[in-house]
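Sharing a structure, written as structure tokens. Questions coming.
The letters A, B, C, D, E and F name the chains in turn, as written, and every chain counts its residues from 1.
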Amino acid sequence: MFLHNKRMMYKVSVDEPNPAFAKMLLEQFGGPNGELAAAMRYFTQGWNEPDEQRRSMMLDIATEELSHLEMVAQTLHMLLKDSPSELVDQVEGNYLGDMLNGKMPDYVNMSLNSGPNILGGGGPRLTDSMGSPWTAAYIDTIGQPAADLRSDIAAEARAKITYERLIKFTDDAGVKDTLTFLMTREVAHQKMFEAALDSIEENFPPGTLAGDEKLGHAYVADSGNFGAAGKNSGPDTTGFDLAQDNSDWGFELDTEPVEHAAKQEAQ
Amino acid sequence: MFLHNKRMMYKVSVDEPNPAFAKMLLEQFGGPNGELAAAMRYFTQGWNEPDEQRRSMMLDIATEELSHLEMVAQTLHMLLKDSPSELVDQVEGNYLGDMLNGKMPDYVNMSLNSGPNILGGGGPRLTDSMGSPWTAAYIDTIGQPAADLRSDIAAEARAKITYERLIKFTDDAGVKDTLTFLMTREVAHQKMFEAALDSIEENFPPGTLAGDEKLGHAYVADSGNFGAAGKNSGPDTTGFDLAQDNSDWGFELDTEPVEHAAKQEAQ
Amino acid sequence: MFLHNKRMMYKVSVDEPNPAFAKMLLEQFGGPNGELAAAMRYFTQGWNEPDEQRRSMMLDIATEELSHLEMVAQTLHMLLKDSPSELVDQVEGNYLGDMLNGKMPDYVNMSLNSGPNILGGGGPRLTDSMGSPWTAAYIDTIGQPAADLRSDIAAEARAKITYERLIKFTDDAGVKDTLTFLMTREVAHQKMFEAALDSIEENFPPGTLAGDEKLGHAYVADSGNFGAAGKNSGPDTTGFDLAQDNSDWGFELDTEPVEHAAKQEAQ
Amino acid sequence: MFLHNKRMMYKVSVDEPNPAFAKMLLEQFGGPNGELAAAMRYFTQGWNEPDEQRRSMMLDIATEELSHLEMVAQTLHMLLKDSPSELVDQVEGNYLGDMLNGKMPDYVNMSLNSGPNILGGGGPRLTDSMGSPWTAAYIDTIGQPAADLRSDIAAEARAKITYERLIKFTDDAGVKDTLTFLMTREVAHQKMFEAALDSIEENFPPGTLAGDEKLGHAYVADSGNFGAAGKNSGPDTTGFDLAQDNSDWGFELDTEPVEHAAKQEAQ
Amino acid sequence: MFLHNKRMMYKVSVDEPNPAFAKMLLEQFGGPNGELAAAMRYFTQGWNEPDEQRRSMMLDIATEELSHLEMVAQTLHMLLKDSPSELVDQVEGNYLGDMLNGKMPDYVNMSLNSGPNILGGGGPRLTDSMGSPWTAAYIDTIGQPAADLRSDIAAEARAKITYERLIKFTDDAGVKDTLTFLMTREVAHQKMFEAALDSIEENFPPGTLAGDEKLGHAYVADSGNFGAAGKNSGPDTTGFDLAQDNSDWGFELDTEPVEHAAKQEAQ
Amino acid sequence: MFLHNKRMMYKVSVDEPNPAFAKMLLEQFGGPNGELAAAMRYFTQGWNEPDEQRRSMMLDIATEELSHLEMVAQTLHMLLKDSPSELVDQVEGNYLGDMLNGKMPDYVNMSLNSGPNILGGGGPRLTDSMGSPWTAAYIDTIGQPAADLRSDIAAEARAKITYERLIKFTDDAGVKDTLTFLMTREVAHQKMFEAALDSIEENFPPGTLAGDEKLGHAYVADSGNFGAAGKNSGPDTTGFDLAQDNSDWGFELDTEPVEHAAKQEAQ
């Protein structure tokens, strides 16, 4: 069960409101790499994980992501403070403009933020920055640790990049401090998941079926200069070189994939 | 540009039609870890990748995934062959049952497959096995190689597991052979993406911002026995042990996260 | 910030596994009236609520809903225990049927549960019972207390009904006990939200604009026997009677809505 | 069956076109609290309602919401009049700018409205203001009157607030008049649904199962200062006070929820 | 504005309840080719159509589709009559099975229909037959008559096929009669839209830009035997023959599309 | 199987970057009438088409649409070149503004493009121009040629209009040339599908059931001046005239639809 402490996990600072940046930050509230997605990814894994250590780690990190979600919500709340979207519900009379005098942003800017402005009452909604509602289609949990931990490592990497870009888009020192905390924690989580994956001795390939030995080494060079006449026709082996030079797997280059195809057409 | 060869990339075999298994296999046609998702994940990366080697690899693999998508479509087509859903459009008169005599499946089974039966005319639709339409929300491309390649490795691991489960759910030798080919190729692709990631010397943390040194090592043990009275109160360090024992990152255990929290409440 | 205690908030009991009932129970995990929706509805309200008392109540209840979400996850986990979907990842060889002997459910039943079976590895996914992914479109928070509290009261009523129906669909005494706890808490929450709404003295109409005095009392009887010739033509006043007899608002019956319409056509 | 009269139900006035405001108004066309959602909420209830009076009311109000949907469509049409999005299909040559001379809005504004501009041909599409397509996930009908009527009351409250905010965002007198009509009708509908709910004698709790007597009175204070050391640790009873002071339900404060939790961990 | 007459547009007959068929019929309630989609497609066109005749036709047909939607709802209501999903809300005690004795369908069947059973209270929800919520993504209105009328003709053709398949799947004479009425009306509507398209003298190509003369006649044969070695390599002209033999447009066969491609690679 | 040639099918030209236009062009990448939708519409038809000629045409055109998708991706890539969204990942330090000096666009514009800016890393994502993820709900394939070909004709008409509008919104000569190629190909495809439809001798009505002879000719005039008193009451026959004057189908005008309705109310 959960308990809630009303303190923020880390200080949330906003030097000055900025509705346009708030729109961007929505990515980490209700976007694909945001904190709700992170929490739900790890809870769905942790609540079905038979291994005690991995379950413990999943629940530790998932709980922390909820604390992050709350911090992002609070950051958004402060970024939107005193914006027209927050003020509108307090207006007694008929027209917001009367109260805001010449300070009212023009309609285009209001309209840009129409989701929070019209539906949110100044509060963030669980959408990405373009207004698409959060969907569990973002959650790629599949219930197999050697696959799920790789998904978790990748998810932390994406979240780290998202925070990094947001940090680069702002020069608000308070916001930068808050987002740097959140970004840093994604780095730490990535390391934790890597440790958990490394603890599984046989983690490649994930699962119990080995696959066909020969088919698993072919590098199919099916993008190149196919269909052109004469000597310039054929594959490009650049991608093969990248694979071969950085792996001891032993790839076998297949430059004639059509010749190896089945003699079978769709029927 | 693309060229299409009408041969299947690998022989598609189905020993006997099986509409219920076809429903499950839809996961790899229009599901989150299916072949369309794979192709679109790698094309969106490859078409914006400035590095020539990585672009070449992305386009090789993405093109192969399209060939896989076609194989899955053909497998589905054969699994649904002569099912009521395929026959219904050929019935001249008013009632399918007249033609099928006593062989007509009961309504429950027909209704189970209602998507392909009613909307697909016996052909597969781009949904997952529960009928949810494919959505680009499945695509987690973020335009940064050290993050994207980790997403690709994870995606291949999930696809491998999905094929493995499907193989275990069938005893149709033909289908097993076809799905084993597809599963094996996911293993090969995972290896290729690992090689590409390894070729990026500084791939951790992804991006250019380092993060806060200290915050990045804390292990926040916020799931345990919190809220209970007395000596049993507090954290569970099982997850920390897993991380610490399998990494040289040097995690620092934080068993009093509330004490380290900000003295700031939501306002 | 959040803390997690590994105890369940209330005992989760399942007398025997039942995958088909698990499918139905998914409604309360990833469905529109389920526990994730509840938690997110109240958190989005609480994190933006300036009133201290209402914020406190919102965070109390939202936190409890997370604890419920965990209980539902655990119930689902036990309902799916030892089902083929859970066993499949442990099979070493090629075919689940070999292990299950004659006990393997037929394909139709497996296929019915294809989401958890193929994608979930036996764990619940954040979908409703028909497999549609959870979406933030379920969250109707609008950032105005007199409206939001009404939405909360309604949401608790719907959740209560959903649990009630699930209870009626099962005769598993353990499951009944667990679901009765969850159902009962929705009743308690409904009462709490009613109290909070009652504490707002001027809660009708919500907001600050009064509306047009006269237009607000018209009962437009636009469904009835319109378009028929002669004396049978016209409105049905049954609905008006229901409104008028149970309210002191003073509705005014409008049986000729077209006559009161604008003399303006679409252009 | 339905009949359509080409008159608008109430005069639609727009003093001058305003594409940015049109974007905001889309909320009431294809958004979660908009007129299509209202009509579909009440039709799905009315068409399955065995009680004659409630069915009559549902169909009266649902039909009126369709008339409102048409008014919103017409308002949008006039707000977009002569905007580039409307003009573009009439341009014979190659470039809209030649026709508009210096009057063409810059690309940013065009791009803001890209949905109606590119896909709509100047007509509104059934999306919310951020471009998300209308989804039946907005409809919370559950087929039980004591729950559904509460959902209807809440939906009217939200729609009222949405119109109120839109009114405050504009100073176009014609638009204000039209939207005030629509807002006022939501107030009237809320009153009607309240009357219908009051007519059900035993409407709390909704449904036929009473729930556990004791569990239904607990107020679980699980948000506060949990996890902190010493005397500051523990719950915040502010929310409990709000509930207790405004209700005769008799809540019982639970400040030690973990002690009352089950001695059961997830497995 | 709209008026509603409580009579069904055409007699709705159901000889006996059939929940499994009800599931299939949901396609025409909340599915992509269903009646709500039809009504919304034509209303969004009609409410923005400047041409009086076309606007009149659009509103006539859209209004009729609403009347059809109501008929489908009523058919569904009767198909679900006395099913457990309808009975469940009337059960006073704790367990539906006590009331139904041995007649209760097994869990699998209940679970198949979980959407209507658990969420709908026996009433249909606005989903397709697989439970996906209706989405405005189904609406392809683009605000240009020569394109929209073609979309309408196609939509009627798809709806006709959907009804035809449903008719073939049932032997309930009452249902067949009702669905035959609905199917026949789609045929009539298709003819109406064809007439409206024919009335636009210059309806091909739609719009005002002519396109490049030469590029518009090429038939690109890019699917065939590409990539194979030797004389078997190259295109398949079967599709070209189909086009050329049934058109006076004068297609020009392009069997070497790569040679005609740009000398430009992605960068 | 597929082969990929790295040349663009036709030269992609962009005279200067334009992020706001890029946002609009997203419609043809991940929007409802875009190239992915086109490719998937025709592949799902072609892979299940028993007729050899139609299958060949479907695969030719579907393959070409993939080549178009690649061209649109490349156009987007060039339109976004050196935009802040592309630069952000290369910034080493903390703040993008330091690098961009005074040239940084203001937050509003950055925020407008938040999807590509924050999530895409400067690359296009598979969304429409308003940020909604691509969904297979756009695909209307129904597995019956006489219906599907009509859907294809309509889809090409919509795609043609979409490109036409985009061309009119830009004065970038390079972009105009590229989009004119793409637009022209849609015209050619429309002609091909028309030829294929014409080759089916009995293509109306689609399917095998004829429908009721009489019901198929009625023109139901249910939109007009219904509900008004006196002589102005009743239908508008404008739409009927349009149908009758442009068809030899022989419509029969029904101006009293209620009189012809069933004597049956919803129950």
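Going forward, a contact is a pair of C-beta atoms (placed from the backbone, for glycine too) under 8 Å apart; a residue touches a chain by one contact, two chains touch by 3 or more.
Source: prediction; values computed, not measured.
K.L.:
Please identify each chain that touches subunit A as well as subunit D.
P.N.:
B, C, E, F
K.L.:
Specify the chain most distant from subunit D by Cα centroid.
P.N.:
Here the answer is chain B, farthest from subunit D.
K.L.:
For the copies subunit E and subunit F, give the interface type as same if over half of its residue numbers appear on both sides, and as different if under half do.
P.N.:
same
K.L.:
Out of C-F, A-D or A-B, find the interface that copies A-F, where copy means more than half of the contact pairs are identical.
P.N.:
A-D
K.L.:
Roughly how many whole angstrom separate the Cα centroids of subunit C and subunit E?
P.N.:
Comparing mean C-alpha positions, subunit E is 29 Å from subunit C.
K.L.:
Averaging only over C-alpha atoms, locate the centres of subunit A and subunit E and give their separation in whole Å.
P.N.:
Roughly 35 Å separates the two chain centres.
K.L.:
Could you list the positions in subunit A whose residues touch two or more of the other chains?
P.N.:
1-9, 32-33, 47, 59-60, 62-64, 67, 70, 73-74, 77, 89, 91, 94, 108, 112, 119, 121, 127, 130-133, 135, 137, 142, 144, 161-162, 167-168, 207-209, 222-223, 225-228, 236, 257-258, 261, 266-267
K.L.:
Quick one: label the inter-chain contact graph as line, ring, star, complete or other.
P.N.:
Per interface graph, the chains form a complete graph.
K.L.:
With touch defined as at the start, can you tell me which subunit D residues reach subunit E in the complex?
P.N.:
1-9, 30, 36, 40, 43-45, 47-48, 59-60, 62-63, 66-67, 69-70, 73-74, 77, 89-92, 94, 119-127, 133-137, 139, 141-144, 207-209
K.L.:
Using the touch definition up top, name the residues of subunit A that touch subunit F in the complex.
P.N.:
18, 20-21, 23-24, 26-27, 31-33, 108-109, 112, 128-132, 161-162, 165-171, 176, 222-228, 236, 257-258, 261, 266-267
K.L.:
Looking at the complex, which residues from subunit B come into contact with subunit E?
P.N.:
1-7, 46-47, 50, 55, 84, 88-89, 91, 94-97, 106-108, 110-112, 114-115, 117-119, 121, 127, 130-133
K.L.:
Please name which positions on subunit C make contact with subunit D in the complex.
P.N.:
The touching residues are 3, 5-12, 32-33, 52-54, 56-64, 67, 70, 73-74, 77, 132, 135, 137-138, 140, 142, 144, 146-147, 150-151, 153-155, 157-158, 160-162, 164, 167-168, 180-181, 183-185, 187-188, 190-192, 194-196, 198-199, 204-209, 211-212, 215-223, 226-227, 236, 238-247, 249, 251, 257-258, 261-267.
K.L.:
Residues of subunit D touching subunit B in their complex?
P.N.:
Per the touch definition, subunit D meets subunit B at residues 225-229, 256-259.
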